[in-house]
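In the two complexes below, chain A is the common chain; its partner is chain B in one and chain C in the other.
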Partner chain A sequence: MSQAGAHSSSKFTTSFANIALGLGVLGLLGCAAGFVTDRAGFMSSYLIGFLWMAAIPLGSLCWLQIQYLSGGKWGLIGRRHFEAAVKTLPIVGLLFIPVIIGLHDTFEWSHADIVAKDPILRNKAKYLDPTFFIIRYVVYFGLWSLFAFALNAWARKQDQLKDMRLKPLMHNFSGLGLMMMALTLTFASTDWIMSVEPHWFSTMLPVIFMATCLQMGISWSVVVFKNLKDTEPYKSSLKKNQLHDYGNLLLAMTMFWTYCSFSQLLITWSGNLREETPWYLKRLHGGYEWVALALVALHFFVPFFALLMKPIKRDANKLVWVAMWQMAFCWVDFFWLIKPAFTGHGSHSELHFSLWDFAAPIGLMGLWIWLYLGNLKKNPLLPEYDTYLEDLHHG
Partner chain B sequence: MADAALEKNPMSGRFDSEQIPVDKHGMIPVIADGHDLESVTEKVTAIVLTEPQKTPKGWIAGFFVAFCLLNVLMVALGYLVFKGVGIWGINIPVGWGFDIVNFVWWIGIGHAGTLISAILLLFKQQWRTSINRFAEAMTLFAVASAGIFPLFHTGRPWYAYFMFPQVNSLGMWMPQFRSPLLWDVFAVSTYGSVSLIFWYVGLIPDLAALRDRTKNQLLRVIYGMLSMGWRGSARHWNRYESIYMILAGLSTPLVLSVHTIVSFDFAVGIIPGWHSTVFPPYFVAGAIYSGFAMVLTLMIPMRWFYGLKDLITMRHIDNMAKILLVTGSMVFYAYLTEIFYAWYSASEFEWYMMKNRMTGPYWYMYAMLIMCNGITPQFLWFKKIRQNVPLLFCISIVVNIGMWLERYVIIVVSLHRDFLPSSWGMYTGTIWDWSLFIGTIGQFLALIFLFLRVLPSISIAEVRLLLPQGQVKEAHHHEA
Partner chain C sequence: MKHEEAPQLFGLLAEFDSADDLTNATKAVYDAGYRKIDAYTPFPCEPVMEAMHVHHNWVPLIVLVMGIIGGSTGFAMQYWGSVIHYPWNIGNRPFYSWPAFIPVTFELTVLFAAFSGVIGMLLLNGLPQPYHPLFNVEQFERASQDGFFLAVEATDPKFDHAETKKFLESLHPKEVFDVEP
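Let's turn to the complex of A and B:
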C-alpha cells in the first residue's frame, strides 16, 4: 500500500488536532477551577462530560469487535479508526480519577452515616461500597485496555505477516470481548449512572447506555470520514455505499436508543411503583420536562427523518451534521439522566446549568480528540492485508 | 457435493476447510457448485410435482403422525368448548398457565421467518435466500397455532370480536386501550396478515414456474390462478421487486413490535418477575433465538430427506447456529442481570421472587432453563459443533425446550407465590392442557408437511439470482 501514512499531513490530523488540544486545555483549566472552588457543583458536570467522552472509545471497542465478527467492507473502512479510538482507553481511565477523589460529592451512598440510616442503602452496601467501586473501576478499564491493546497488536502483526493467519484468533477474541463488553458496560452504567440515585433501579438502563456508546462510536466515525474523505487512502476506497452503511447503522442505533428509552418509560409509568416513579418525576418537572421533550423531538424524530433520506446518508458533508447533532444530544441525554440527582432536594429538582457543565465536556472531548488523532496518525488508514481489500477497491 | 460426502460420518465432527470448498474469505459458498438455472428449478419443482402415487413413503408416514396429533387438537378444543376453561389447570393464584406459555412460545417461533425474509433482505444477506420461503411458512403456521390459545382462553371464542373496537349497543365501542393485551390483538393480526401477503407475493414467480412445468391439467389451472397471470416480463419483475422491498420494510418494525408487546403483557404489571424494564429487547432476542432453533429443527431433516444439501449448504447451517449463539447469549445475559438487579433493587419481593425461582418448589424448571438456554448454546462457539449436523439438530431441540421452560418460569413461577402468602398455590397442567399443546404441534407439523408437498419450499427465483448466470443482472442492479 503506497498510501501508507499519506494522510498524516492532512489538515484534520494537524491543525484540527491543535485546535482540539487548545480547547481541551482551556476546558480542563476550567475543570480545575471548578474542582477547587465548587466541588459539590462541579462533580456532576465532570461525570456527565466524562461519560460523554468515554462513550466514543467504548462504542468503538464494540464496533471494532463487531466488524471482526461480521466481516464486510464497512468494517474494513472503519477498522484503523476504531483501533485508534480504543487505544485511548487507558488514558480515559486516568481521567476518571477526579470522580474517585470527589466520590463523596458525587455519590450519596459513599457516606456511611446516610447509609446507616437508610434500610435500602444498607441492603446495597455490599455492592455500593467505595473500595469495591474503585476495584470495579480498575477491572473495567483493565479489561477494556487489555482488549484494545491485544486487537491493536494483532492488527499490526497481520500487516507484517500479510496473510490471514491471525483471523481466527481475532475473531474468537472479539466474540469473547463482546460478552465482556456486555457485562462490564452493565456494571459500569450501574456504578456511574444508576447509583447517583441509589434507590432507583432499572434493568433497561445498561442497555440504554450501550445504545448511546454505539451511537457515539458510529457518529464519530462519520466525522472522521468527512474530514479524511479527500485524502488517500479514503479518497479512492471510501465509497458512497460504505458511507450509506454507516448512515444506516446510525439510524439503527437512533431507533434502538429510542426503543429502549421509551420501553423503560412505559413500563415504569404503567407499574406506577414508588420505587421507580420518583426517578421520572424528578426528570419531568422543574424545567427538566423540556429537556425530556427535546430528547424526544431532537434526539429521535429529527435525526430519524433525516436518516431515512438516502441523499443524506450518501453524502458525507450532509451526514456529518446529523452525526454531530446526535453526539451533542447524547450529552443532553447524559445530562438528563444524571443532573437532576444533583440540582434539588428530595423528590424535587430544578433545571440549572453551571459553567462547569460546558467546561467539562469541552475539556475532556478536546483532549480525547487530540489523543485520538495522535493515534490515528501512527498507522495507515487501511489494513495492509485483508481479503476484503480487493472488494473494497472494486466495489 | 463435498458437503454430502462429509455428512456420511457427521458424528466424527471433522469438517476441515480442506474438505469443504471455501471462497477467499474462508467462507463456504451459499450455493454449492455445479448448479445452473435449469437444475435449480428442476430440483425444487420436482418435490412438488411428484405424481400423487409416487409420494415418498417418509412423507406419508410423517404426515400421518402429524395428522393424528392434529386430531388430538380437535378433541381438546371440542371438549374445551363443551366444558369451559375449568378443564385446564389454571386457578387463582396462577390464572395464566399453559395457555399463555404456549401462546408466547409459538409467537416467538414465528419471529425467525420474518427476520430471515425481511431483516436479512434489508441487510443484503445472500444466505437468507434458500431458507426464507420455508421460514416464512413456518411463521404463518406458528402464528396460527399461537392464536388458538388466547382465542380459546377467553372461554367464549365466539365473542372474540369484542376485542376489536366496534360500535355496539353496550356503549363500549373501545376496549381498554391501556392494556397491552388489546395491543396484542392488533399487533398479532397485523403481523399475521403482512406475513401472509409477503409470503404469497414471494411465491408468485415460483407458482408460475410450477404452472409451466406441470403436466397435470387441473394443477395447471390451480397454479395458474394462484400465479395471477405472471409472465415474467421486465415490468412484472420491476413491480414485484418494489412491492417485495416495501413489504420487507413494513415487516421489520412489525416483527419487533409483536414480541415487544408480548413482553409488555407481563412487564406493565407489578408482579415481581414480570415488572422488569429490560423485558422488550430481552423478549425479542428470545423470540429470534427460539425461531432459529425451530428452523434448524425442521430444516435439518428436510434437507436430508429431499437431498437439498447443495441448496441449503453448511453456510446456512453455520450462520443459523451463529445467530443461535448470539441471541442465546443475549438471553443468558438477561437471566444473569435479572438475578443481579433483583438483589440490587433491595426490594424484598424482588429478591424473594428470585430465590423462589432458584430454590423454590419449581427450582428444577429454572435449573433446566439455565442448562438449556444458558449453557447449551455456548457450545456453539466451536466451529466443529456448529458444523456437526446431528449434534446441532439435538441442540436446536434443547433450545426449543429451553424457550418453553423460560416462559413457564416467567409466567407460572412468578404467579404461584404472590405478595400474600395465604394465597400461594401450585400449578400443574392437566391432561387437557397437554393435549391442547401437543395438538397445536400436530397442526403446525401437518401444515408444514402439506406446504412441502404442494408449494416450492425454496425460492427458485431468488436462488437463481445467486448463480453465476444470475450475477450479471445482480451486478447491473447494484450499479443502478
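Let's turn to the complex of A and C:
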C-alpha cells in the first residue's frame, strides 16, 4: 500500500467535496430561513432530512461491526470508508439540536395541556417527556460516538502495531456494539419517527428504520466505490466479486425493508385497532396513497429486479444508479412515515410539499458528505495490516 | 500403435499443485483448441470457470420463471378460494383482502424458486452420477480434498494420446494419468 496518499488528490475528495459543501451551505441557509420564518412548517422537513442523512453513518456503524464479525473481502474493502462515515456521528448529533429547540413544533406530546386532556397520552407521559427525551438523545449519540471512536482508534493502532493482536478485542467489541445498535436504533426510531403520532405504536417500525439505515450505508459505499475505483488502492484491489457482494447486500436490504414494511401493514390490517389504523388511513389518502404506491413500485419492485441481474451488480457504473435511486427513495420513505402527521388533522392528511422539504435534505446531506470526505482523506483507503490483505489481490 | 489405443481411453487427467496453476493450465489447454475439457477442484473456483469459458447457465432463468409462476399460483389460488369458490365473511373484511394473500404468495414464490433451483441444477448437470471413468484414477479422490485436476477427454477432435500427453506435461503438472473408460 505504498500509494497511501494517492487518493487524497482525486477529483472525488476535492472538487466533489467543494460542490457538497456549497450545496450544504446553501441548503442550510434555506433551513435557517425556514427555522426563523416558518418553524411550524419547517420542523417536519428538518426531521425527515436529518434522519435521511443520519441513516448513512448509523448504517455504516452497523456494517463496520458486521464486517469485523463476518470477515470477508468486502469488509476489508469497505472498512476504512465505514470508519470515515461513523467518525461524523458526534457532529451529526449536534445537527439534531434544532429538533430539540423546535420540540413543541415537532412533537404533540411535548405540550402539557394536550397530554393532560388525553388519557392515552397521559399513560405514555413518563416516557414521552421532554427532559427524558433529551437524556435519551444524549445517550444514543454518546454510545454511537463511543463505539465509532473506539473502533477507529483501534484500527489506527493495528496499522501501527502491524499485527493482529487487537483483532479479538475488535471482534468482541463489535458483537457488543451490534446489540447496542439494535437497542439504540429501536428507541431512537420510537422517539424520532413513531412519537410524531403519539397514539400510534408499531414494534415493526424500528426494524424498518434499521433496514433503511443499512440500505443507506451500503448504497453510499457503492457511490464511493464508483468514484474511487479508478484510483489506487481500489484500482488494484476492488474486484468485480467484491462489488457483486455489495450489490447482493443492497438487494438483501431492499428485500428486508419490504418484508418489514409489509409485515407492519399486515399486522395493523389484521389487528384493526383504533389506535393503529388511523396511521395508515392518513397515509393511504389525500395524495399520500401515490407516495405509498411509488414506494412499493419504485423502492421495491424496480430495484429488486434490477439487482437480480448479475451484470448490473458487477459494474460500478450501473450499480451506482441503483444505489442512488435507493437513497432517494429512502428519503421518500421517511417523508411518507413522518410528513402526514404534519399536514392534516385527525385521520385525514393532504399531500403537501414545501420549500423546506428540499432545503433540509440537500443542506444536511451536502454538509455530511463534506465532513465524510474530509475524514476519508485522512487515512489510507485500505488497512495497512491485516492477515487477509494478501487474498484481496487474488480476485 | 497409439492410434489403436486412443479410443480405449476416456482421456487424460493432469494434477496440479494449486488453483493458480490449474487456471493457467486450463487457459493454455483452451487456447490450444481443446474443448472437451473439465476441471475438478476441492472448492468453487471462478477463475478456472472463466478459463474454461463456461459462462452460460440456465438455472437463474429457471428459478426466476418458476418463482413468478409460484407467486402467481399462490395468489390466484387464494383469490379463487376466498372470492369465487367459497366466499366467507371474516370480520366484515372484503372477500378480496389482498394483504392476507401476500404471505402465502411469498412462500410459494420461495418454494417454487428453491425447488426449481435444486431440481434444475440436478437435471442440467447430470448428477447424481454413481460411476465416472475418472474414478479409475486413484489420486482423483483428492479432488474433494486438496487436488486440482484437469481432464481432457478422448472424444475431443484435437485429442491425440501422445501429443496431448506431451502438451499436458509441458504445463508443469504434478502428474499426468491415462484414464480408462
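Keep this in mind: the second predicted complex is superposed on the first by the 395 of 395 C-alpha atoms of A that agree within 3 Å, B and C clash if a C-alpha of one lies under 4 Å from a C-alpha of the other, contacts with A are read in each partner's own complex, and residues count from 1 in each chain.
One rule holds in what follows: contacts are C-beta pairs under 8 Å (C-beta built on N, C-alpha and C of every residue); 3 or more make two chains touch, one makes a residue touch a chain.
Being a predicted model, the structure only gives us computed values, none of them experimental.
Asks: Answer with clash or fit: chain B and chain C placed together on chain A by superposition.
Replies: Overlaying the two structures gives a clash between chain B and chain C.
Asks: Figure out whether A:18 sits in contact with chain B (first) or chain C (second), or with both, or with neither.
Replies: In the superposed model, A:18 contacts neither chain B nor chain C.
Asks: Of the partners chain B and chain C, which touch A:186 in the superposed model: first, second, both, neither?
Replies: first
Asks: Count the residues of chain A touched by chain B and by chain C, then name the partner with the higher count.
Replies: B
Asks: Tell me which partner A:270 touches in the superposition: chain B (first), chain C (second), both or neither.
Replies: After superposing on A, A:270 lies in contact with both chain B and chain C.
Asks: Counting only touches as set out at the top, which of chain B and chain C does A:127 meet: first, second, both, neither?
Replies: Touch partner of A:127: chain B, not chain C.
Asks: Counting clashing C-alpha atoms after the superposition, which of 9-17, 81-89, 153-161 or 243-251 on chain B is the one that bumps into chain C?
Replies: 243-251
Asks: Following superposition on chain A, which residues of chain A contact chain B and also contact chain C?
Replies: 266, 270, 272
Asks: Taking the touch rule as given, give the residues of chain A at its contact with chain B in the complex, in rising order.
Replies: Contact set of chain A toward chain B: 71, 119-121, 123-124, 127, 164, 167, 172, 175, 179, 182-183, 186, 190, 201-207, 259-260, 263-264, 266-268, 270-273, 275, 387-388, 390.
Asks: Which residues of chain A touch chain C once you look at their complex with the stated criterion?
Replies: Chain A residues touching chain C: 241, 262, 265-266, 269-270, 272, 308, 310, 394-395.
Asks: Which residues of chain C touch chain A in the complex?
Replies: 20, 46-47, 60, 64, 91, 99-100, 102-103
Asks: For chain B, which residues are in contact with chain A within the complex?
Replies: Those in contact with chain A are residues 24-26, 178, 256, 260, 264, 267-270, 275-281, 329, 333-334, 336-338, 341, 344-347, 381.
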